[in-house]
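Chain lettering (A, B, C and D) follows the sequence in which the chains are written, and residue indices restart at 1 in each chain.
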Amino acid sequence: MKVSIVGITGYSGLELLKILSNHPEVTVVSIHATQEIGRPLSDLYPHLKSQTDLVIEAFDAESIMNKSDLVFFATPSGIASKLSKSFVENDFPVIDLSGDHRLPSHIYTEWYGKEAAQQEIIDQFTYGLAEFTDLKGKKFISNPGCYATATELALLPLVQAQAIDLKSIIVDAKSGLTGAGKGLSDSSHFVNVHDNYVTYKLNKHQHIPEIEQELALFEPELSPIQFSTSLLPVNRGIVASCYVKLKEGLGQAQAQAIIEKAYADKFFVRVIDGLPDLHAVLGTNFTDIGCAYNERTGVLTVISVIDNLIKGAAGQAVQNLNLMMGWDESLGLPVQATYL
Amino acid sequence: MKVSIVGITGYSGLELLKILSNHPEVTVVSIHATQEIGRPLSDLYPHLKSQTDLVIEAFDAESIMNKSDLVFFATPSGIASKLSKSFVENDFPVIDLSGDHRLPSHIYTEWYGKEAAQQEIIDQFTYGLAEFTDLKGKKFISNPGCYATATELALLPLVQAQAIDLKSIIVDAKSGLTGAGKGLSDSSHFVNVHDNYVTYKLNKHQHIPEIEQELALFEPELSPIQFSTSLLPVNRGIVASCYVKLKEGLGQAQAQAIIEKAYADKFFVRVIDGLPDLHAVLGTNFTDIGCAYNERTGVLTVISVIDNLIKGAAGQAVQNLNLMMGWDESLGLPVQATYL
Amino acid sequence: MKVSIVGITGYSGLELLKILSNHPEVTVVSIHATQEIGRPLSDLYPHLKSQTDLVIEAFDAESIMNKSDLVFFATPSGIASKLSKSFVENDFPVIDLSGDHRLPSHIYTEWYGKEAAQQEIIDQFTYGLAEFTDLKGKKFISNPGCYATATELALLPLVQAQAIDLKSIIVDAKSGLTGAGKGLSDSSHFVNVHDNYVTYKLNKHQHIPEIEQELALFEPELSPIQFSTSLLPVNRGIVASCYVKLKEGLGQAQAQAIIEKAYADKFFVRVIDGLPDLHAVLGTNFTDIGCAYNERTGVLTVISVIDNLIKGAAGQAVQNLNLMMGWDESLGLPVQATYL
Amino acid sequence: MKVSIVGITGYSGLELLKILSNHPEVTVVSIHATQEIGRPLSDLYPHLKSQTDLVIEAFDAESIMNKSDLVFFATPSGIASKLSKSFVENDFPVIDLSGDHRLPSHIYTEWYGKEAAQQEIIDQFTYGLAEFTDLKGKKFISNPGCYATATELALLPLVQAQAIDLKSIIVDAKSGLTGAGKGLSDSSHFVNVHDNYVTYKLNKHQHIPEIEQELALFEPELSPIQFSTSLLPVNRGIVASCYVKLKEGLGQAQAQAIIEKAYADKFFVRVIDGLPDLHAVLGTNFTDIGCAYNERTGVLTVISVIDNLIKGAAGQAVQNLNLMMGWDESLGLPVQATYL
């Protein structure tokens, strides 16, 4: 299968290329960006020397449809919304890693502050939380956000099992700096991040409506959730610390059982005893989830950890491709933790 | 005033010596430890060369009472409980930075898993949360824990003003590695901490009963609080992210006003607009507090940040000494952030 | 091919297992350690859950020879020297990642301060600097040290080409903390390493005689080299900054050409324009080398960077296995940089 | 004494303000920048809240001369060269922390690539390496660069004592990110710096001619020195690892004695046994120096460590002010290491 990547120079685009170059069924035939057109990618990223001969091309929908079988958008928000239409109209498969096709257009505009794609285009997309959606045969997949993936995987089994008080959900989520992209700003300057911990976009993060929308699929009564995002002084990783009130009569054993059952046959989610260690998932497509019930307060803490660029972006996109195509879901995906 | 420090080789002991060496009214006349007796401290810590001539002495209560006017305990838990009695019985002033005189003996034993001091000795101690206690003329002060300080300062104004639902308190607190002490273990090995984020002692941290006890002073109806502690890959700093439901009718303006009013005349607590930045307090005795109300969920997020070794330990101990003596509370205390 | 790993719980042993699990021709049939005998490895390292079923076994030479075709020693120094004899006497293939078979016994004892293996056993081993040795058909390979690999690859082409003043070699080498092993000590405590840079074992590092020995193979006149080692506050990576006087008449172009020519057909050494970036090799078996000539001083700076656990240990060991077996040298080896 | 700071928003300007606010003889009466004119500094840097009421002013030489007794330039290179003239012509004291008055104009232009100040203005300035210059009564001081300070203090005693081969000097220097300033670039983006180590400006760093000039004062025969600069993934600190050949007949004892003698009465240079630890000087105006002689190679390694923003910039500027005024050289200067 031949694929094209639009937005190759961002962290997600590069990670996607890396993963796909290990994929036995896929060949990346073109990579696209808005800058450095005509330059070999390995000129810009010397670590890719001897890894790829691909040359950066300008975006051209027709050319992509001619030479490829599927296009990945690994673009910042507000780009794929402008480019997806011709693919959809030609029934040409799309996996969009950005947030542009995850939300109804009016909600998108409210939270992203940008013009949304047309609603009828958005309607064609299936939200690809790999463990919870049947993607076989789908043509247009909207890949979940990084914070959203970690949070939904932590909470969905409990919501689905009606085990928690829906008004009680509080999520304190943290991300490494790659989650904030390559843009230069005071908030990404080394000196300001190192030895620091900063909470940002509080109550305003654009993954909030996405999480609420997905939880609501399983429980329409869902209230708005409390969700905070902070920057950890590391490069990679998301930790979602979720606090929920368990319903009466439930405790540690029941909560653990609910989560374990939900993922019993899911290769990329590991439910662990105790609390997860971020190191254990870095460099992989795994999500590790652990929980601890507090008998004094009735609160269950569920912590999930992922690599934001893999399970939170490029890895899940490839997992979704695998599911869409009916292949083994782990094809090409990294399973060995960097660990150190 | 002459003082002695017991437990000089721990992080808190060293920080205490550093702060006191800038104090215009205090001279440290002896330093005590269980190891390296007889060695100049600056032999062990070359950064103290030309800073101090003090030689480490074995602990001896009588000798301390003869040459000093006050003793600081900067010892691990389980030590001061064994050593404080003779000082108390002789009415000799003590400031204990450890947790040994903060809790009733049965609660101490339950949470610390160690033998407690005698209840009648504990009863002599006043809990020294500097901004909330009148310490003038007190003789025996129990210095608050680092997590407890950050959390209590964030929440007490709201509890006191009856502004929050007491059953709703959830605190996600994080600390740098100095908070975990100098002990060698896998969990303090550089490779395991760096690029990681690990939640530990969940629902079991010994500061939980201390926080509950202090909040309950202002609101006896207080339920147990949900409180988690994690290690940030930094050396210093505590961030306490507190989530509470505001009572109906209250919002951002009221919450901000309540907190600002509580600290209007408190030099070492700065209530800021927006959310605090850990960098701004590192190296100082300040606590910075900010809050943000979420109209969609009714949850107020209150974040407080401190330097765990200063406001969370040695700095507050000196602040308490100042208050005890009727001096200006900022005497000798660092106010300039390391910042970078 | 079936192999056994002795010393599985160290950083190199775990990395070796990780790499070999991707190797199409190799199966790890047993793993050995001195502790935790009988426990599944994935119990100790949760990130290996669903990756391996191997159970830790006690070391037993006979059993290894019965079930395996080759044994890797990934043990601390002073262990393989005691265990290698029976394998050698039985002509059973060994790849030793430790320093125990790299040096003549008297030099080993002098620099390592430990009892050496018997000289006749050491004599059976070939030093496996993959790019400079013909290993095909060899049975006993002594894998180079991490600092040694980076330094030798930087300097050997220039020594071989007689391009430099042999008395002028000065190497300022730096390593991440995994290079120092898992042992607990003040020098590996997070607080002491973070935000610090410490030079250690100056003029005494045990890789010095190893480097001198290898350079001398190509130039017997070699003087002792000046070599320093420091700890970078990172987990992985070695940077060897080498300073050498170029011989008269040579400059940037000639030096660059000499190095490029030496590695023209070596897949795992990339000679780059400009100076290398540590990020570009982390997670891979690559060595990146760059050089810059200073016309004002006549000094050529050659900088080489490697991942200490891969090209500096487990990766080169597998590369050596591939060469020994006549397989493609890159079989199973990681080529994609973690990068971030 | 009243002083003004031009360039308040850079790292050095802020550090200067911090130090001066502890100085018993100095009051900062005005602060200047090119942006944010009219705003209180504490609005921009919340950590200064309750620390200073100063408001940022536009630069105006006349106004400064009217209200101040001395002006500090803490500006990037290329600014003070344009602004110093009127102060010099009015015999108004200046301490310039930038490189604009350290070098003859033609050398400045060659290495900085910028237009130099007029030579007759440059000639009025005295280079203020505090330990080696008599500054009493001087009016115009050019403050040394950060790398230059660390390197010169390591090497000058040996050069002065004619103890080393002048052609042999090789310096491998490293700096934390604050040394690179607040500018936003890929090379200061957190993701690129963290877990990395990058050598930059090799053989081209603008501190090279400054170091050569100062060493040549004590030894006119000095050859060009080999000098490299790299970025450590930390915020603060410089480590200068210097390699020099000792002259025949000299060894560890003599080298140590030469360095110790040079600094016997210098408070801010501590000659230590063994090698220095960067932690020991962070937050202070100290320079720690240690050396180790290698009998096998005849090379002496001298390592000096400083806090780049203090002894390498603002601290030494204040030390120079103290010397200029005939005050105790340590007045107002920080001596307590952050340490952790």
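One rule holds in what follows: a residue touches a chain if its C-beta (ideal position, glycine included) is under 8 Å from a C-beta of that chain, and two chains touch if they have at least 3 such contacts.
Small disclaimer: the values here were computed from a predicted structure and weren't measured.
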item: B-D against C-D, pair bridged by the larger set of C-beta contacts; value: C-D
item: Chain of greatest Cα-centre distance to subunit D; value: A
item: Length of the line joining the C-alpha centres of subunit B and subunit D, rounded to whole Å; value: 37
item: Intercentroid distance (Cα basis), subunit D paired with subunit C, Å; value: 39
item: Subunit A residues counted as touching two or more neighbouring chains; value: 11, 178, 191, 195, 233-236, 277, 279, 340
item: Residues on subunit D engaged by subunit C in the complex (per definition of touch); value: 170, 172, 174, 191-192, 195-200, 202-203, 223-226, 228, 230, 232-237, 239, 241, 243, 275, 277-279, 282, 292, 294, 296-297, 299, 301, 303, 340
item: Subunit C to subunit B touching residues, read off their complex; value: 11, 177-178, 182, 184-186, 188-191, 193-195, 233-235
item: Residue numbers on subunit B that touch subunit D, as the complex places them; value: 11, 14, 18, 21-22, 45-47, 49-51, 178, 195, 235-236, 267, 270, 272, 276-277, 279-281, 283-284, 288, 309, 335-340
